[in-house]
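Scrolling down, you'll hit the structures one after another.
Both of the next two complexes hold chain A, though its partner changes from chain B to chain C.
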Partner chain A sequence: MSVQHGSILTSQTQAGPFAGLANRLFGGNLRRADWIAFALLAPTLIFFSIGVLYPLFETIRVSFLDWTGLSQPKPAGFSNYTKLFRDANFWNALRVTLTWTLACTGISVAIGWSVALISGLAPKQTAPFRVAIFAAYGISETASGLMWLGILQPDFGLLNGILRLVGLEGWASPWLGEPSTAIWGVVAAYVWTQAGLPLLTCYAAIQAIPKSQLEAAHMDGASHFQILRYIMAPLSLPGVRIAIFINLLNSLKAFDMIHILTAGGPIRATETVGYFMYQESVIYFKQGYGAASTVVLLLAVIVCSIPLILDKASESK
Partner chain B sequence: MITQTPKWPVYVLGSVALVWIIPLVGIIAMSIRPEGEITSGWWTIEPFTFTLDAWREVWVNYPIGRAFLNSLAVASFATVLPVLFAPAAAYAFHYLKFPFRRILLLILVNAFVVPNQVVIIPLFKLWRETGLIDTYWSVVIPFVGLSFAWAVLLVKNFLSNFPRSLIDAAQVDGCGHLRTYFFIVLPNTITAMAAVGILQFMWTWNSLLLPMLFLRENATLPVMLSTISGAYEPNWDQRAVATIITSILPLVIFLFFQKYFSADGKNNSGSKG
Partner chain C sequence: MKILNSASALAIAAITFAGGTAFAAEKELVIFNWLGGSERDLIIALEEGFTAKYPDYEIKDINPAAGGDDPRSGIRSAMLSGEEFDLLLNTWPSFEKELVAADLISPIDAAWEQYGWSSALNDSWRNLAKHDGKTYGAYFIAGNRSGVWYRPDTLAKAGIAGEPTQWKDFLSSFSALKEIGMLPVSIGARSWAQTEWFENALLRTAGTAFAKELSEHKVPWTDDRVKETFRNLRDMLEADCCAEPGAMLSSHWTDAADAVLKNKKAGFMLIGSWANQRAKNEYGLTPIKDYSYMQFPVIKPEYGNAMSVDGKNFLVMKQAKNPEGAELFIDFVLSKEGSAIIAAQNLATPSANVDPSSYDPIVRKYAQILPLVDVFFVLDDLLPAELSGEFRIGLQKFLRDPSDASIDSVTAALEAKASELYQ
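Take a look at the complex of A and B:
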């Protein structure tokens, strides 16, 4: 496709009446086009190299070094990685990451998809509700975390307040201070910010369904539920798919919300690999070790995005 | 479409939306009530005292004005640069043929996999060595670099809907690639650039990890907020105000443009077909 695009100038000039003139003017016009291409690309490549490529390769390099605090770095082979997989805390982080990503992705996509489907039945009347849910996506995780403290705070948070009000005082709990519930508190706050995206992608897919198809189903006597179940649900699957990917990657990379609400605690109950890395490299200053855990995080993200990468490979010909 | 719309979706989604705005209602309630009433529950109705004290005091107790300006500077620089450069790169990838084109594009568009956690330690060391630590550049450079992964692809996809006849016409009329880019393609990619700009502004304004590590003196709003976010910190009323001030700009921009995101935004490039 774009190979043809790429050769617009050459094919045009060769085929067109100006071919000879253009060739004489440009000499080897390909080399000139190369220069133009790299001039257009230069700013992108410079920022990309300093801001992404250099740190990426540096992190991979450091992960093979024995380097803690102020000591001289020594080559360490794979020892950081073998240490990592003998570290009970890292296994804990892997377990937490699994729970965290599955819960955040599953719940946010389930909510976004359901809301999109239901509002597909009454698009006009439910528009303000969609905006309300979507709006949370524009709020930073930091600010969202503080808002959710208003719900989860043990002494005067709304959740405990309601429980006390309806006489379930025994259920009131310091949600974020309790190792067994802390992760669900953070998941709730994170889902609150993330559900807007599945709503957007699924609703866009539902909007793209031809009206005639829905009308035909209705004429044939399909109930609202049948329309929802057999037409909208299957036809919105592309939106679901892209939302699963984006939210999966986002929750794997998550840091801000965890940092604000629990900072990985209590007793590492909310420490994902993305947070473990921060503890090891930034707090304990174990550079080699922290870098190794970062590389594991990177590999996890890459594995999860293989379908997307393949998509892009075919798209970016 | 469906001749009569059922009533129940309105009720169901109304209750979901209600749950969704409770945290927002809470933070607004906290910002306009004295702290004594907050610590007995911001949702309580009796007694309700309206006060704007927190809105006045927050500027004194927290460096919030400065943080706002820092956030504005960081997010603006980190937005303007990709908006300027991504279309140029997308044009080169889409219309030009040059060595390493395919491999460069593949590396660039797949860099979306790189988490912020990967870049923080090497860049921290680099900024310390070069003296860039605590300058806007220390966060703007990685923000801009990371943005190209999706921004270039977004503009490039936009260009694939761009009528080729316009480009061909320009070139028959004697425009070189630079002139074609500046006078034909660039003015027509404004929709795509607006999408890049809005998303990038929102994300960089909201982000915490990079500014938290690289900007000490020049803390942005989320960084400032994170230092006062503990569950047992005092000044709930003022922290609520700080939270609102942090959220208001991206939220307004986002709500203002949310229609635009749900529209499929194909093209309006001065020619049909």
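Take a look at the complex of A and C:
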């Protein structure tokens, strides 16, 4: 059955929302309304093609070339990809990326969600904390990175200074100079900038919980903890889900903080795939090889995005 | 002044396009000058000097918008985007080699003979810019990369009489520095400054001929002379020279300069001659009186004359619209007038046309020995960028673990990378 109201925007068929349009498009039977719709979409499509599609396809094309930017590009087939997966430094970057992404996403969402839940119980009293945490999200990563560089300095850093002050001198460490601690130093700094977003989305989800449910639970004698555990936590999960995906994607793409604090070091201990890509493409100017690692990172981002896209698609139905 | 920045050049180009050729430069010279800060000021001063001497020339000075950590990225990006220029400022022989291989720069042998540049630059400098028997650049700035910097008052306080110019004296001076609560040597190994120690130790252990062979991968990185260099550096680490590895790996050369020259927390540091600008301009110190340097201590007497240097030259592009003007500019830079401009900016030139008395005392100290020593261009700039990256990381690994097993592992990794790149 087809419901038609004379507009492409409301055309629906059992085969899907675009089947009618597709039939008309390929049957050479476009209506005036179709042309208007295309005209309205055209600017977006043009800019999307220039800004997203062209660079994307160009990157994929370059990933099949052997090219330093000075010499003539030579076809390389899949050699950049096969070399990439034989490169111990790339596998190291994948391992670092996995640790980095899980740690940054897990910790920032855990902090954001926890603060959101507590804020849900006492919104007025926690307002200054929410503002403070979210404000960090608005600070540029470069500025935050420089601040954290000062905190984590071995000699004059704030963290080691505090440790020495409270008699824990033995715990003082060159945090960013030791491969075992550098990644956690950068994670701490990055989480500080990123926890604001999960707080915002989770708090918004909590705010959307009908007041009647909370009042009913209260009248039934539920404690604050029970309200938090059995009502607010499960009903704020949509906000948590969004926060996880956004933070996951942000972490995969993270560059500034790593560049400022460790530049991928020491001894590649903080070299993520994103940073590996920068080294290969910008520093070594191995355009084909760098593009191949970009494509791999892109695939990782797409794979991570699929659950959210599917989730959103099912919601829209 | 006839030096145009990009904006004014664009404006003039627009007027010219719209209204005729009244503003078109009869002899325009386009220079790709990626430098920043005081070094950029020097190039601008040279350009002004040139246009003053040759008033029919106009210079367009191009500065790349971005280059990240490595200016070569900015240069490559500019070339890829179709930027056209006559002269390119360069400081990396390995990059020069890439440009030659890509047929992007022109040899200047004919101009060398025509202008008689051999009277200004000796053969060792000319050889640095030779590829496949042709000369591509003429060095006009030379820097000392073998200077071990210190404060005379620190050495006096530690009771160290005179500069410890021999390796064993250098190592034994550490105990005196430690006794007065100082770190003997500060190494900022977060990025690349650790390579300075290896390169100088290599020159003093195996000489410039071996270093040249190594830079060209004619000898493997697993050669025992490379390992011997590492072992010499290990002697320094075992003499308790330095901070813990984590502290070295999280600091830059600037931190080392602060520790030695400004805060008097450490005795020695090794870095290029630009430390002179920092000590004078940022710390407000007086050369020789407040701070000085000695050449890297002698490890083997037969290689005591070796010196690590860096330099800058101009390369004439194949695409140059004004190659004659480009060569004339190089001639000016090497001339008496050009050398005076360089000396006035507290930098040394390898040109024999310079008046050494015009140098600042720190610059004079190494400029005087430049013609007498066996110079070798800084190794890290001779290596392909990717090998240079592995080199820096290998040295970080060595600083954390200077054992024989670690030396074997680091040299094997360097050899593997070099074998891949020099195929």
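As a working rule, the second predicted complex is superposed on the first by the 266 of 317 C-alpha atoms of A that agree within 3 Å, B and C clash if a C-alpha of one lies under 4 Å from a C-alpha of the other, contacts with A are read in each partner's own complex, and residues count from 1 in each chain.
Here is the rule we go by: a residue touches a chain if its C-beta (ideal position, glycine included) is under 8 Å from a C-beta of that chain, and two chains touch if they have at least 3 such contacts.
Remember, it's a predicted structure, so these values are computed and weren't measured experimentally.
Undergrad: Which chain makes contact with more of the residues of chain A, chain B or else chain C?
TA: Counting contacted residues of chain A, the larger count belongs to B.
Undergrad: Who does A:T97 touch here: chain B (first), chain C (second), both, or neither?
TA: Neither: A:T97 stays clear of chain B and chain C.
Undergrad: Which partner does A:G161 reach: the first (chain B), the second (chain C), both, or neither?
TA: First partner only.
Undergrad: For A:V282, using the defined touch cut-off, is the partner it touches chain B, chain C, both, or neither? Pick first, second, both or neither.
TA: A:V282 sits against chain B and chain C alike.
Undergrad: Does the superposition put A:I151 against chain B (first), chain C (second), both, or neither?
TA: first
Undergrad: If you stack the two complexes on chain A, which partner ends up touching A:I267: first (chain B), second (chain C), both, or neither?
TA: The second partner, chain C, only.
Undergrad: Pick one for A:T68: touches chain B only (first), chain C only (second), both, or neither.
TA: Only chain C; A:T68 stays clear of chain B.
Undergrad: Examine A:A33 and indicate which partner it touches, taking first as chain B and second as chain C; both and neither are also allowed.
TA: first
Undergrad: Just chain B (first), just chain C (second), both, or neither: which does A:E178 touch?
TA: second
Undergrad: Name the residues of chain A shared by its contacts with chain B and its contacts with chain C.
TA: 153-155, 176-177, 282
Undergrad: Enumerate the contact residues on chain A facing chain B in the complex.
TA: On the chain A side, the touching residues are 1-3, 5-10, 12-13, 16, 18, 30, 33-34, 36-41, 43-45, 47-56, 58-59, 62, 111, 115, 118-119, 121-122, 124-126, 128-151, 153-156, 158, 161, 176-177, 192, 200, 203-204, 207-208, 211, 214-215, 218, 224, 227, 249, 252-253, 255-256, 259-260, 274, 277-278, 281-282, 287, 290-291, 294, 297-298, 301-302, 305, 308-309, 312-313, 315-317.
Undergrad: Spell out the residues on chain B that touch chain A in their complex, using ranges where they run on.
TA: 1-3, 5-6, 9-10, 12-14, 16-17, 20-24, 26-27, 30, 38-43, 81, 84-86, 88-89, 91-99, 101-102, 104-123, 126, 141-146, 148-149, 152-153, 156-157, 160, 164, 167-168, 171-172, 176-178, 181, 202, 205-209, 213, 222, 225-226, 229, 231, 239-240, 243, 246-247, 250-251, 253-255, 258, 261-262, 264
Undergrad: Could you pull out which chain A residues touch chain C in their complex?
TA: So the residues of chain A in touch with chain C come to 68-71, 153-155, 173-178, 181, 263, 265-268, 279, 282-286.
Undergrad: Show me the residue ranges of chain C that touch chain A in the complex, using the header's touch definition.
TA: 68-70, 72-73, 76-77, 79-80, 98-99, 101-102, 104, 190-191, 243-251, 385-386, 389, 393, 396-397, 400
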